[in-house]
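Each of the next two complexes has subunit A plus one other chain: subunit B in the first, subunit C in the second.
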Partner chain A sequence: MNYNQLSIDQAPSISAPFIFFLSAPLFAIAAALILIFNGPEIFQDRWLAQNLAITHLVTLGFITMVMIGAIFQLLPVLAGAPIPRPELSSRVIYGFYASGVICLATGFNTSHQWLIKIALFLLAIAFLVLLILVSIALFKSDVSGGSAKGMRYSITGLWIAVILGLTLAAGHAWDSIPLLRHITGLHIAWAGIGWISMMIISIAYQVIPMFQITANYPKIIDKHLSTGVFLILLIWSLSYYAGTTEGFSLQWLKTLTALTLSLLLIAFASMTIRMQIQRKKRMADATLYFWLTGLINLIIALLLYCFASLLNLDLDFLIGIVFFIGFAISIINGMLYKIVPFLVWLHLHRKLAFKAGSRSTIPTMNDVISSRKSLLQLYLHTLALLLTIAAVFMPERFTYLAAITWLINWSLLSLHLIQSILLYRSCLTSK
Partner chain B sequence: MISIKQLMSNDHNHCDELFIEAENHVLKKNWSEADQALNHFINTTLDHFRHEENTLFPAFENATGMTSGPTEVMRHEHQQLRQLINDLSRTVEEQNKDRYLSTSETLLIFIRQHNMKEEQVLYPMIEQSCSQDADELMKDFINKDKSSAA
Partner chain C sequence: MDKEIVVDVHELQPPEPMQRVLDALDTLVDGQYLKIIHRMQPFPLYDILSDNGFKYKATDGEVSVFDIYVWRAKDKAAEKTIQDIISI
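For the complex of A and B:
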């Protein structure tokens, strides 16, 4: 039993998660700018280098950026497993990671191989430090239960996604190394399901009952869902890989596992929506609507995937947008509106609450980011998502509209986050 | 033998329900019902804190010799929670709905993550270090429940 798990300094200082949270919208803004500069052509071919730039600005620059920040904050609470020296390690990881993502996106966007080479090294170092620290903390932790278990799988998923991603990037960076394009499907699956979805599921186990006072997840979901998803993803990967070998096809197994996997995730999403509708806390807020939007999009993405694989259709663009933006970004965006105001309050309270005369100046969560502000951004986000989906079908008409709406949307999110940290600073300095 | 973790976790859930009941009354601006429900929440929560601070934590500290570890953190968080609870009472007196909802949101997240740390880490530690005395340690707490139910 680790008696230091609840030591007073286990929660990192506010800067450890915030450097990641504050940077994330900037990468998304860069993605919107690339879309504006390239226009409707983007939707002609998913393999365009600009598409790889946009995809990685969104998945690494926004989604994974926020998730890394959240790990620093949540690991001690959800798994009783703090990361050692969080201030130092968060800065080291951030430095390599942020510059790595910038180099990777610029490298793809301008087709400069040397930038991709640099990106590969920077990202490899960032992920290696992160994954080793988090893996040690998680596997040393005694905390059992669905959430901690899911996090272990999700970190394993990230290991696999990163190794596959680095292999692919090496193919882009060096002419002498073959570009193994056929493993792209594996890379996307492990990043999207193994890492992102698994982490969102693990966090949902704790935060859905916590924010909305719902019933807990049924035992069978809490105990077995993450193991099921992980194992089926593993079998799917083997059959996928077998399918790329000549004269050897496990197509039936690939389809079967893909459908089962989709079914499991649809079950999770529908269960969560049902719990949220039946919640005891009647008050609804932007975070709740972001979650509902995300879960509905997860269901749509999976249904589209099943539909496409059964009828052999190419719906990659649509599925990618609905999954990564509609599902993952919606939920992450919604979570930021809880985590950021809460952390501002928590750290101010710690610093000021027991000083004479300073208590009345501590802002509540709603003072940090008001519900009016977060609802406004929710509407913009939903509008931008719908416009992007429309752009898949009518690129000429909707691409610029979608890109500009994203630009405004993410600038607004960025503004809200910057205002939060400015409020935090002004409360501290006014004392 | 009874489980400290189980009983104390059940009490957390009970407190959550009372808390939400008060908030739902505030949403509808039923101030007298809100006041009543909030007081019920406050009394139950403060009883819970008292049992931890006066009985469970000292037993753990005696058994392990750790006085500046997890129990100190939890005591400190109780202090923070008491302040938030006072703020909440004041907003009911002022019948300030927005202020109430804003404070209750903060209190809810803080108390839930506090409870989570206790349930996942501290209670198992207490059960392990004071396994022989669980019945004795929880006797008054269970009797209190019975007497308030009656």
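For the complex of A and C:
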């Protein structure tokens, strides 16, 4: 088979992903500050307004912020599906999105309904523009394979999570609209599994073999895992919703689908760990350890969930921390240490590779962010995660320690990212 | 002189594949082309090639997933050789 020349300028300029990457740690810093100001009482009740602020600063402000930036970069590279006018669309989405997250978190933190109303409109516009552009690009793409398929499911998952989230936010914003707290579980599941996990799986199919020189994923996982996860999540959602209707319960189906879903994701995580252990080149870097940390946390979170479901225990706080911070943030943080140096290196090559004498002066990926720097942040991240888990059990003793460690950790990540873009600019201006 | 310069990058970690290819491009003389053995389509490389007067063609690979042929856009002899190889 011959492959036609793909359209040139598949990749957007460096600014499209970088505005999202550079902002993300700032939102996480804000989350750490709220934790410091509120102290141990944060761990007393998951429904506290300050908890909603922290949760959304982490999930929207950090996790989804980085993922949107990565989408601008990865869709053209992995799915051959560039987003039209990436510079303009990334700025429009960023403007609405970043201000929307700020309003939402401030609204929750200060219990000002008018801020949540503004946030709702800003986030609705940001997500609508993003989802329409990405959906068109993805569904027009003729690239097949597990990665592109998983991305399509992941974007569908984000559509559902956003609609559920906006419905919930409307309940917080207007007294006349009922707060449908019982759909929170659906919102979290579609955000956590349908959107975040599905995107991480799709990206893993490409980046694990590529960056860590492992074998490819087995065909059955590559071809069918994302479809299986999506369909079972859909059935779980129906049984979950049925369970909220009076006189109607599909508890057995809900438990069965939840356990199956957990098993599928545990299989994915175990397979990835196995591939990483058996990688062809024995070199290891911070990204590999971030991935391993993330995957182990995914397995722990799912086992805790199964355990809690079967024994009817309330482990929501612990599971949420292990899943969103231990799994999602570890992997996203680790990917930043690959993607950011790679993009700086790549864009410098795009501009300078064929200028006489320039190529030898382009910094290596290790010059952009050294392995010593990324390993230091890995240690801080792991320490902060362990302290946060300890704070769930002993909030009085560990909350402030955890919060201050997060503050240092995110500040360090922020510094590393800012240094990268400054190096990029200095290389261009010196030519 | 061999017309074909083979650059096998299918087991290298980014950014080594692109480095190897760019180094090999520097050595190309008239009538010569690169055959890159790669596990994926290197979309970022395509942009650099297009911007700098090269053409490329990807086909199913023999050793790995893709074979990607690269030649100077002005080099009609190399283009003819590649067309002959691909049409076989």
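By definition in this document, the second predicted complex is superposed on the first by the 426 of 431 C-alpha atoms of A that agree within 3 Å, B and C clash if a C-alpha of one lies under 4 Å from a C-alpha of the other, contacts with A are read in each partner's own complex, and residues count from 1 in each chain.
Note that in this section a residue touches a chain if its C-beta (ideal position, glycine included) is under 8 Å from a C-beta of that chain, and two chains touch if they have at least 3 such contacts.
These figures come from a predicted structure and were not determined experimentally.
K.L.:
Would you sort A:R282 into first (subunit B), second (subunit C), both or neither based on which partner it touches?
P.N.:
A:R282: touches subunit B, not subunit C.
K.L.:
Considering only the touch criterion stated at the top, classify A:N366 as touching first (subunit B), second (subunit C), both, or neither.
P.N.:
A:N366 sits against subunit B, while subunit C stays out of touch.
K.L.:
Please work out whether A:H182 is in contact with subunit B alone, subunit C alone, both, or neither, and reply first, second, both or neither.
P.N.:
In the superposition, A:H182 contacts neither subunit B nor subunit C.
K.L.:
In the superposed arrangement, which partner chain does A:V77 touch: subunit B (first), subunit C (second), both, or neither?
P.N.:
In the superposition, A:V77 touches subunit B and subunit C alike.
K.L.:
After superposition on the shared chain, which partner residues are touched by A:W345: those of subunit B (first), subunit C (second), both, or neither?
P.N.:
The answer is both, since A:W345 touches subunit B and subunit C.
K.L.:
So, A:F211: does it touch subunit B (first), subunit C (second), both, or neither?
P.N.:
The answer is both, since A:F211 touches subunit B and subunit C.
K.L.:
Which subunit A residues come up in both lists, the one for subunit B and the one for subunit C?
P.N.:
On subunit A, the overlap between the subunit B and subunit C contacts is residues 1, 3, 5-6, 8, 77, 80, 206, 210-211, 213, 280-281, 342, 345-346, 349-350, 353-354, 359, 365.
K.L.:
Okay, in this complex, where on subunit C does subunit A touch?
P.N.:
Those residues of subunit C that touch subunit A are 11-15, 18, 22, 39-41, 43-44, 46-48, 50-52, 55-60, 66, 86.
K.L.:
What residues of subunit B sit close enough to touch subunit A in their complex?
P.N.:
16-17, 20, 23-24, 27, 64, 66, 69-70, 72-74, 76, 79-80, 83, 98-99, 101-103, 105-106, 108-110, 112-113, 116-117, 120-122, 124-125, 128
K.L.:
Applying the document's contact rule, which stretches of subunit A touch subunit C when the two form their complex?
P.N.:
Contact set of subunit A toward subunit C: 1-3, 5-6, 8-11, 76-77, 80, 206, 209-213, 280-281, 342, 345-346, 349-350, 353-354, 359, 365.
K.L.:
Spell out the part of subunit A that touches subunit B in their complex, as residue ranges.
P.N.:
It is residues 1, 3-8, 77-78, 80, 142-143, 145, 206, 210-211, 213, 280-283, 285, 338, 342, 345-346, 349-350, 353-354, 359, 364-367 of subunit A that touch subunit B.
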